[in-house]
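Look for chain A in each of the two complexes below; its partner is chain B in the first and chain C in the second.
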Partner chain A sequence: MIQIQNLHFGYRKKKIFTGLSLKLEPGHIYGLLGKNGTGKSTLLKNMAGLLFPKEGTVNVLGFNPAKRQPAFLRDLFMVPEEFYLPDMPIEYLIKYTAPFYPKFNEDQFNRYITEFDIPRSNSLQQMSYGQKKKVLISFGLACNTSVLLMDEPTNGLDIMSKSQFRKVIAGCVDENKCIVISTHQVKDLESLIDRVTIIDEGRILFDHTVDAITRKLSFHVSYDSDEIKKALYREPSLRGSAVITHNTNGDESKLDLELLYKAIVLNGKAIESVFNA
Partner chain B sequence: MNSYFNLNRWLLYIGKHWNENKKRYLMSLGAVGGLLVLWYSFVIIVDNRNPLVLQMQSVTYFVGLFLTGCLFASMQFNDLGDGPKGIAYLLLPASLFEKLLTALLFSVVLYFICYTAVYYLVDFIMVKVANGLMLAKYEETRSGNYAPNEIINVFVSPFSPVNLFYYVLIIYFSIQSIFLLGSVYFAKYSYIKTLIWGLIVFLVLVFWEHKIVDSFMPHGSFFKPFTVYKVLENGKELMIRLPEWISSILLFLMMYTLPPILWTVTYFRLKEKEV
Partner chain C sequence: MQFRESQAIYLQIADYVCEKILLKEWKVEERIPSVRELAVQLEVNPNTVMRTYEFLQQQEIIHNQRGIGYFVSPTAIKNAQTYRKNDFVEKDLPQVFRTMFLLGMDPEELKPRFEKFKKQHFA
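The block that comes next holds the complex of A and B.
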């Protein structure tokens, strides 16, 4: 569905990607994690055709995004970190923008904004940043595009809205959709994503499914000093130490995305060796 | 569905564009009307004998058209200079050709029609006011003649045998197309930047004509731009003319091809725009 091969991209003085390759399949929610400035938004913009690769190819739904063909654009929706919605009532958004997306479903849209507690009668002008963002997310989801790109979607959302967001996203994924969510607030996506892709210094540092991660790694709190010592990654906590160990017993543990992220950034080789074994 | 143009999609896009911008467009037209009223009022105050003669009306129409029409064109792609708006603009599922066509429809066609309508509305009222004041003054003093001013026809020049206004309009559309291109090229302050670059290019052309072309052409000057050259030799004048058909083609190209060429350049510039 999305194939990126040998992507080279940079801004005037700063190189961002030097040969990045990535393949994203439908039916998954991908979590694109990384520090600020590592190129998460740039990667999404390359996928959407807002930026053009200097070298390499980006193929989304069989299209070259840089051509911005209407057939491509109507099957892709992007929720950018900083977004724009015209100052008009929600009705107008449905009336004038939705017809560009042939799979748009108004009932679905109404369901999402009800879920997000947005009064349908309000004009976008009267809404707060968070409310506008929820309208845009609802609209993007109701467009039912094959590719949905979200850049820091939980920024600006309150605690309740974040959990509503997770619920809404979890309910809309199907085998034909590919949802890519870029964030540095890893906790927000923990229970949502089924594939973790971590970018650092313009390259893919880690790219595995949540299933594979929980099969190979164990996330738990340990009091055993031997185990703590041998752990792939450890972090002191109020009660014992939070550790990531090699899961050799086949026990199931709950993925701690924040811990995994820190482990990859600080001790990536040890973690990757478990997957390569 | 066609990648370049689809009538339904274009109409949909026009509807969206109009609904998102109608408030701004209508307010701008109101402001233009207000400025015209202010200007005419000023003229009537400073010259209470015969203020709105045909020359004054035509100069007002064309200066206003040049200033506001170019400003309007230079704002057509403002969104591209604003990250979030640029993203929304580029990702909307309509082709770039349809988006450009919409910009041309609003800035070239509709603005011209609306500006002319607003101008005539103001002109009609203000000429009546000026004539009324002139009549009152004439009846008060009974000196001189009372000759009421007529409403100007901005499409037919009353001042010369050739229709000068037609050529001024052609120049207007050419200059406006430069400002439209400028609005894609310059992310911010496109009106000012286009104006500065336009002046620089104009000065370079003047320099080219006077210094470079003069250096290899025989002593003399162009009698008619690009088509007739007057050679001065030993006090005699010699005219060198291009064949009629070449000068007709050249004249046609100069008059009518600049806007479509610049619109095409705008399209390609739009295609390579990144946000």
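The block that comes next holds the complex of A and C.
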């Protein structure tokens, strides 16, 4: 559904991507993780046709996003981290922008904003950042595009809204749809994403399904000093040590995304060797 | 839903379904929530619930009727008990035994407490 090959991109002198390749399939929620400034947003913008590659190719739904053909734009929606919505009633926003998305479903939109506790009759002018974001997320989901890109969608959402957000996303996954969510708030999305993609230093450092991760790696608290010493990654905690070890007995543990992320950034080679074995 | 630290989410959801069945909140031959409904309710990826349902089908606790949905199997109670019992004996019981040993407790001491517990909660 999305193929990126040998992508090179940079802003003036700063190189962001130096030969990044990635393939995204429908039916999944991809969690795009990476340190600040590693290019998560830049990657999403390259997919959406908002930035153009210096070298290499980006192919989304069979289109070159940089050409911004209408047939492409109507089947992709991006919820950026920073956005602008005009000061107008929700009613007008729908009236003027929904026609660009042929699969837009108004009933669905109404359901989502009800779930998010936003009265349909409100105007965007009186809304806080968080409320506007919820309107934008609802709109994006109701567009029913094959590709949905979201950049830090839970930033600015309050505690209730984060839970509502997870419900809404869980309900819109389907086998023909590809959802990519970039985030630092790993706890917000841990149970939702089913594929983890980590960017570092201009390329893809790690890209595996959650199923594969929990089959290969075990996340647990260990008191056994031998096991702790041999662990792929360890972190002292109040009781014992939180460790990641090679899963050898077939029992699957719960993915600890924060621990995995740190392990990959600090000891990526050891982790990756388990997957290549 | 709060997920416990250690066990894979799909197995925790399997425990949740087994519990509903063993408490008879979900009855034999009745339809259970669809993959999507349960995913939304528990705020998890539908693929995770799909994996739970496939697992529970292998255990013959639920079955799929094409185009209609998932149902509680006639043998569900027996099979859910067997599955949960194995898990309990292997994983939870050693912890309980360890604590009992440390505190110098005898299994006989538990019997009246267990009877009282049953009366309090399930009478």
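Basically, the second predicted complex is superposed on the first by the 277 of 277 C-alpha atoms of A that agree within 3 Å, B and C clash if a C-alpha of one lies under 4 Å from a C-alpha of the other, contacts with A are read in each partner's own complex, and residues count from 1 in each chain.
We adopt the following convention: a residue touches a chain if its C-beta (ideal position, glycine included) is under 8 Å from a C-beta of that chain, and two chains touch if they have at least 3 such contacts.
These numbers come from a predicted model, not from an experiment.
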{"item": "Touching partner for A:Thr214 - first (chain B), second (chain C), both, neither", "value": "second"}
{"item": "Which of chain B and chain C A:Glu258 touches, first, second, both or neither", "value": "neither"}
{"item": "First (chain B), second (chain C), both or neither touched by A:Glu227", "value": "neither"}
{"item": "Contacts of A:Ser163 with chain B and chain C, given as first, second, both or neither", "value": "second"}
{"item": "Partner chain in contact with A:Arg68 - chain B first, chain C second, else both or neither", "value": "first"}
{"item": "Touching partner for A:Ile29 - first (chain B), second (chain C), both, neither", "value": "second"}
{"item": "Touched partner set for A:Val173, first chain B, second chain C, both or neither", "value": "second"}
{"item": "Shared chain A contacts, counted only where both chain B and chain C touch the same residue", "value": "none"}
{"item": "Touch list for chain A against partner chain B, complex", "value": "45, 48-52, 68-71, 73-74, 76-78, 80, 82-86, 88, 92, 96-97, 99-101"}
{"item": "Sites on chain B touched by chain A in the complex", "value": "1, 3, 6, 9, 12, 15-16, 19-20, 82-88, 90-96, 271-272, 274-275"}
{"item": "Parts of chain A lying in touch with chain C, wherever the complex brings them together", "value": "27-29, 163, 166-167, 170-171, 173, 191-194, 210-211, 214, 219-221, 252-255"}
{"item": "In the complex with chain A, residue positions of chain C that touch it", "value": "3-12, 36, 39-48, 51"}
